[in-house]
Amino acid sequence: MGPILIVLENGAAGVTEATKECVNKAKSLAAQLGTTTVAVGFGKQHVSDLRRLAVTKVVIASGGTMDLYNPDAYEKVLAEIFGNVKPYLTLIANTTMGLDLGAGLAGRTQTPLIAYGIDIEEQDGRLTAISQVFAGKLLARVPIPEDGAIVTVIPGSWPADNEAGDPEIEEWTAQDSEAMRVLRVVEPEQSDIDITKADILVSVGRGIEGPDNLPLAEDLAEALGGVVSCSRPVVDAGWLPKARQVGKSGQTVKPKLYLACGISGAPEHLQGMRDADLIIAINTDESASIMDIAHFGTTADMLELMPALAERLKGG
Amino acid sequence: MQKAKAIELDIAVVDGVELNGSWNRMFEPRVISEYDLSVLDSITQIPGAESLGYCYQCGKCTGVCPVDTVGDYSPRKVFRRTQLGISLIDSPDLWLCTTCRNCLRVCPKEVNMINIMPAVREQAVLEGKAPDELLTAFENTARYGNPIGESPRKRADWTKNAGVAVPIMSQRKAPVDVLWFVECYPSYHPRGKEASSALARVFDALSVDYGILGTEEKCAGDSQRMAGERGLFEMLAEHNIKMLSKYTFNQLVVTDPHAYNAFLHEYPKMGGEWPVQHYTQFLAERLNQVHFVKALNKRVTFHDPCYLGRHNGEYEAPRALLAALPGIDLVEMGHCRETSYCCGGGGGGMWMDSFTRDYASERLSERRVKEAIEYGAEILAVSCPYEVPRFEDAVKSTGHDGELQVMDIAELMAYCMGLNEALVLH
Amino acid sequence: MRLAVLLKTVPDLVEELALDEDARTLLFDEMSYVPSEWDDQALEEALIIKEESGAEVTVIAVDTGDVDTMLFTALAKGADYAVKIVGDFDAAMSNWQKARVVADYLGRGDFDAVLSGVQAIDDVDGQLPGLVAGFLGWPHASVITEVRVAGGSHLQLRQEYAGGLVAELETVTPIVVGVQAARKPPRYASVAKVRQVAKSATIDEVEADVAEARLAGVEYVRPVAAGHAEMIEGDIDEVVDRIVAILEERNLLRRA
């Protein structure tokens, strides 16, 4: 059986959490299957991190344009290393890089791909990938074929591995891409809040009662690392700008957490947020429509609960 | 000084009739004819929009236009702006009209916004210039047969909670007296479903021999037509006519005045001609069979739906039903019957709330709710499925939650007939 | 510039997914299908490029069911040609198989760029644009929010990363692009126009053999919890405890 290959992604402060999560899973699977783990890192900027990864071997691809992510250059060098390592299983976090490299590598190397993995189970030496499909409405259980597969993994699926190790290091010289060039990288503008891009939304409805209570929501959103959105009546009342409105006539959002505070859940609102990964509804009416699509609900008073929750989150 | 030269004929002969113009000839071009009228011409050349050019700026429409009371829109203004070169196709004015027909009622020149609006909107839709939220409603209707984007397979699901058996034609396999065309909001909207259940109970109590199309029904499409999607309307009409033609029935009964309008005036042009009644008309004819067992004891006012009243002249049937309710204290608002206000949902307004919000100081529904409150009403009775959600929302947003209930006439009847425990079925 | 846009239909989530819970299989014949929303974005971006630089747009779909309406709609919106790849296909056809037949077709043509939705709700065995690029050995970039023709045979792409970071890429052709979002919301094609196109335009049919699927024994199950919300009872402190625990379990608390 070939090793388990992890494709490492560079973040601002070292290898990203999502790839460390893959390292963690790769290690436990390798132990169960009796095989080794190989990680591929790109560029030299986090090389000291790479040298301390708790894997069997790290292949460091450098030279050319490796210090800056280039979809084409990375895919080509990854395909070369893949051919050399001959892994049984390859794990790539499902980020932009994972979307580039996962399917590209699968097609190039004729290796089956399983997308949107959230777990991999081992039983009697056989692996089954669990994949989240149809907007989270179904899970696919996919037996990993005997000749192996590539799995792209949704970030947050496993705990990150922060153990220090002393891996074997292999240097790999990469070529420049002839096809693609990175012209520039642009930092996001901070001025506008785009609620469609937020992972966490604290969304307020009529239950907020008035603009004076909005700081409670802002405070909670900050504690959660999210932003405040709202239902139509709040925009109509002029308490929040139109850009914050979720629903049929506002934005359609698919955050990881949608905390609906004092929103009863008009069909027009549900249309804009029903695909959120996790919906928690705070509403005094247990029979409000929002409760039919929320995963969790409480009838607690939102004006009491929001500050209490914010305080707990800040207090640690 | 040169003598002024007449630029019009002294005498013209038209179809053999001699018209003497000598008393009123134009000697020099007047300021009014110095406009570049190409933009106005481009609009009045659109088939259906010709009458915009007839406007002579008397302003009678502005006095009665419900939109003008909350914003800066009326047919007179539309004409003037277009005359000055602002194309209606690019103007927000195009989407503010609810096709309530109040302007046409008073217009001496018969400038007909009911024809102008769909015609010009159709052009705008073709050019990709319609509000996004409206296009979403069109797409939903095309894909699912309802503007809300609900599952077409669930169109008859409301019947499961109706409390009485609701016969579905495809299962019933026998002729019926009445085919009840339920429509979208009564099939899917939570409050619409409650009104539908109430109406089903009333039909049941009156032993009406009826059936519904269930999942074979699609939106009648009249508001989509008024909002500029004639092709969509035709597709829906073809479908509904095909489905209705499969069954034998004596007449149609519709919940929705917009559907009533379509079945009365538009479907016959496409080969779908059946006697049709709004449910208030159908029930008003059967009032002598109705046994009321409970008194309402509430002050009630009634909002005339534009498409039942002004468009189709029915003001009496809903009032007859209301007047028959035991213990009702029925009051008329200042704007009633021909001069009724508008809920803002017609002509596609139902699907442009966010768009229109930017051009109005308040919603038409909010204004209407305030009027109902002024008259001391405890219940605002309605008979159009757009209205319950619109007015209920307005009751909350105007801060009158708990003071005014919005009820479909079918719900009030079911209550007084002892078919509903409470006013609202939950 | 010749652009190909790959379109596909996916099960409509407005309806319940037809799942045989005992056999853990999807009943593909019992579901209704809609165009994949990301493909709509890809088509829009292609049409914007056409308007800017006179590119020619060909929409391509594999005949897995009723794809004609989707292709006619694309023509009504402004695409120049429509191609339907036909064969012994059905709605259960996997992305891998679709990518195989599409790549074979594209490899025989002379397209400069291929655009498709960056993902779809059903791509358990990989995203179409990446697989197609891999099969063809063409460069590929995903999560693209803008494609512009930059003189001659170059394209400029805007690629988005987590946290709003954006890169501008310059690429030669041919290239495969996974579109996340077009620069403008997808345009609307009026029903009358689609119906008129359906009467007058033709869809080119190209025959292909079905390729072998690479994953076997895929089972589908519903995730636990659905229906009414699980109610959190207790006083404010207890509710706070429970919410924090839920967030912790889902990895949604800020890492210190």
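A, B and C label the chains in the order they appear, each numbered from 1.
Here is the rule we use: a residue touches a chain if its C-beta (ideal position, glycine included) is under 8 Å from a C-beta of that chain, and two chains touch if they have at least 3 such contacts.
All of these numbers come straight from a predicted model, not from anything done at the bench.
Centrality by Cα centroid goes to chain C. The pair of chains sharing the greatest count of C-beta contacts is A-C.
Chain A and chain C have Cα centroids separated by 19 Å. Centre-to-centre separation between chain B and chain C, using Cα means, comes to 39 Å. The geometric centre of chain A is 47 Å away from that of chain B, both derived from CA atoms.
Contact of a single residue of chain A with at least two other chains is seen at no position.
For chain B, the set of residues that touch two or more other chains comprises 149-150. Interface residues of chain C, counted against chain B in their complex, comprise 14-16, 34, 185, 187-188, 190-195.
In the complex of the two chains, the chain B residues touching chain C come out as 122, 125-126, 128, 130, 132, 135, 138-139, 142-144, 149-151, 153, 229-232, 234-235. Considering their complex, residues 133, 136, 148-150, 188-190, 353-355, 357, 389, 393, 396-397, 426 of chain B touch chain A. Residues 206, 232-233, 236-237, 242, 245, 248-250, 266-267, 271, 287, 289 of chain A are the ones touching chain B in the complex. Chain A contributes residues 17, 69-72, 75, 95-97, 99-100, 102-109, 112-116, 131-143, 145, 149, 156, 177-189, 194, 197, 200, 223-225, 256-257, 277-281, 286, 290-301, 304-305, 308-309, 312-313, 316 to its touches with chain C in the complex.
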